[in-house]
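Reviewing the structure listed below.
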Amino acid sequence: MYGKLKKLCCKWNLELPRLGLVLYTFGNVSCADHQKRVFAIKPSGVPYEDLSEDMIVVMDFDGKILDGRLRPSSDAPTHAELYRSFPGLGGIVHTHSTYATAWAQALRDVPLYGTTHADHLATPIPCTEMMADERIRGDYEVETARQIVNTFAKRKLNPAEVQMVLVGGHGPFTWGSTPEKAVYHARVLEELAKMALLTERINPKASPLKKAIVEKHYQRKHGKDAYYGQR
Amino acid sequence: MYGKLKKLCCKWNLELPRLGLVLYTFGNVSCADHQKRVFAIKPSGVPYEDLSEDMIVVMDFDGKILDGRLRPSSDAPTHAELYRSFPGLGGIVHTHSTYATAWAQALRDVPLYGTTHADHLATPIPCTEMMADERIRGDYEVETARQIVNTFAKRKLNPAEVQMVLVGGHGPFTWGSTPEKAVYHARVLEELAKMALLTERINPKASPLKKAIVEKHYQRKHGKDAYYGQR
Amino acid sequence: MYGKLKKLCCKWNLELPRLGLVLYTFGNVSCADHQKRVFAIKPSGVPYEDLSEDMIVVMDFDGKILDGRLRPSSDAPTHAELYRSFPGLGGIVHTHSTYATAWAQALRDVPLYGTTHADHLATPIPCTEMMADERIRGDYEVETARQIVNTFAKRKLNPAEVQMVLVGGHGPFTWGSTPEKAVYHARVLEELAKMALLTERINPKASPLKKAIVEKHYQRKHGKDAYYGQR
Amino acid sequence: MYGKLKKLCCKWNLELPRLGLVLYTFGNVSCADHQKRVFAIKPSGVPYEDLSEDMIVVMDFDGKILDGRLRPSSDAPTHAELYRSFPGLGGIVHTHSTYATAWAQALRDVPLYGTTHADHLATPIPCTEMMADERIRGDYEVETARQIVNTFAKRKLNPAEVQMVLVGGHGPFTWGSTPEKAVYHARVLEELAKMALLTERINPKASPLKKAIVEKHYQRKHGKDAYYGQR
């Protein structure tokens, strides 16, 4: 019944080590079917080299397991809460990729320094604050998603436009309308994080890219008159 | 009719990911035939792993499409303007390679710190200023080339000698008398950018290489009495 | 008689270059059989590409050679002393991996900046002080282990919980209940060392991760109610 | 007549790109036969992927070409002068490897921060001063070797013990009693240069390794009572 979703989920999980985004089991991809309000996710703690389609776990958006004989990723409740809160997501990715995680640990947004960044989003990459202790000690994985959702609400960010976030002290989450796009955003985020760090090494007083060129690059790829790519 | 040019263009585009200079679709190579005043260029937004000769687009130097069923790279007007402005270019490369892009984002020229650099050019690698807003909102891609051409004019740089540039806030463009040389310059620029960053980390007061040795290295490879390589 | 132990030892030694943790002969793995109080270790100075099972040396915990025709790693007395001092170790790894060694040379503990670290240990990664001259001139390799053991005693660290250490001015040692886990810790340490360095580059005033989230991450993987992974 | 020497020279030149030490043609290895006072060296400007044994050039220690149809590396006079000045060298390597070149450009010796360094030499890795202009404009490649030889004389360094050097503003040269050892030193130097840079990033006040442990590590590998490796 969920064969196609599980196959897709397995495929995009295996892309993470190929892209150099995960070490051992430090990451996971989920793939959602919005009509059915279900998602498929990697099982917890299984090394990527051992992963196969039949190990994938299928859950509904309330976190109930529908299919699979293994325990889902311990981050599954974070994915579920994000699917409930941000409409239209087809996939979510969590990694501990090196440069993105370093910005998360430094508790800083990744500044928008160049057009490579503006080709993907028109704001800095947000980093959430550290979670309050009572929430850490509560339903931690759900609260992780709420920390993201609250940050987007507070800063008036649109999750359809800003599809990457750093959870302070932890690491990156990315998403997209398809799992392919969610994984693409995870890889792009890692590169933007590295470029921003290097930019500050070269010029500690580097300025954010000015508004006109941010708009130009973002709109030529994502605006209503976009002319990048094939359509 | 343009088979040979398209084949060449496809080949050198595929070299970019092999050299680690591009992520996903973040770059493009064009190859020119000067007698015919035409150039072949990568189609817009096509992943390198899917690229084949028949997808390459051929345009004249005024930007009119002569052959090809796909849309050309959105940077095609930049290439066209550079071919119009700088005589004798056989190929142009644009990438968002990590270290070169970081210098572009930092809005700094890459200083000439060593003989590896002097073996290729006898000046710092120029970084253009940020473009004025009205030009960004105008014919942006053509203006990008004009920003380069104006920088070269203002600084009295010879594009036959300085074959690499950083567009401020954006990233590198390189060229050469052949597409092979343009790609070679893209790879060398990335290495020079990395070495210069590391040099400043090791010695924040590092001095540019002195004139006598710059001349020696540049001339032994490019001067009229050059004795490097086979002739 | 020691065929199985030698085979295991060879296998995990060969994993070090595959994981990018060693250059030439700069590292070694030993595997212990606690009941027999013996361990197998890499021979000294043999390049990884030439290593085979029959070259592995077997010693008892007092450092007496039981099997093997080659000289054991010059670090064998360090391994022996660690097996004698820390009960229950199934494997020990020593490398000169780049980032971990840089922290050791800088004589600094690796601060606990994020959950990637807290998933593995709930304290900074300890770095021992430099050894006193008379001990360096004494039984140096045994003293290296004592430096580690003394550091753990002084700081009240439990070697069953903190399974990685930096020897000041030298490099990392890691261990685990199996050789597989010891090698895993060597790879994770290298990543934590790199992330911590980058975190400080991004934010020189970065704060250690707060206690509540350290506890949460450490306990969900290693506590009595752990829910990470398959059980 | 020089078949064996040319084969050896080709083999070790090809090792440089495999070790990540050279980009394009940025390096060369020579192999000497001391009895015959001849050495084999890479031809100038030939890409590594095109290199074959029959392209290798053989010269005597005075720089006279004895065999080969191509021009030798433009650095051949530097090699010849080093073979004349430092007795017993079996091979010399020149690269522009990234981290070693950055230290050369920064005009700094690589400090001795840890045992990885002390396992190979008991002093900092020397960096020569910039050459005087009249010498640059003179017999430049021979003067490059003299700069090295003078630095060793002035600092009372023994080229049989210190087998690596940085030429200020240029890059590294390494040597050894065999070409294999010369290449080994080129790779080790690159790693030591990277580790030293990272050590200073982690602790800007890092101290050089103290004398007792430098001596211990150097002597256990290279002293008369050395006990590292198989003998």
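As written, the chain order gives the labels A, B, C and D, with residue 1 at the start of each chain.
Methods note: a contact is a pair of C-beta atoms (placed from the backbone, for glycine too) under 8 Å apart; a residue touches a chain by one contact, two chains touch by 3 or more.
No experiment lies behind these values; they were computed from the predicted model shown.
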{"item": "Neighbouring chains shared between chain B and chain D, ordered by label", "value": "none"}
{"item": "Taking each chain's C-alpha mean as its centre, the one farthest from chain D", "value": "A"}
{"item": "Interface residue identity across copies chain A, chain B - same or different by half", "value": "different"}
{"item": "Cα-centroid distance, chain B relative to chain C, in whole angstrom", "value": "46"}
{"item": "Between chain C and chain D, centroid-to-centroid distance (C-alpha), Å", "value": "33"}
{"item": "Per-residue multi-chain contacts in chain C, two or more chains", "value": "200-201"}
{"item": "Pairwise chain contacts, counting only pairs that touch as defined", "value": "A-B, A-C, B-D, C-D"}
{"item": "Chain C-facing residues of chain A, complex", "value": "23-24, 26, 43-46, 70-71, 74, 96, 98-99, 101-108, 130-131, 133, 136-137, 140, 169-171, 197, 200-201"}
{"item": "Contact footprint of chain C on chain D as seen in their complex", "value": "113-116, 184, 187-188, 191, 194-196, 198-203, 206-207, 209-210, 212-213, 216, 220, 227-231"}
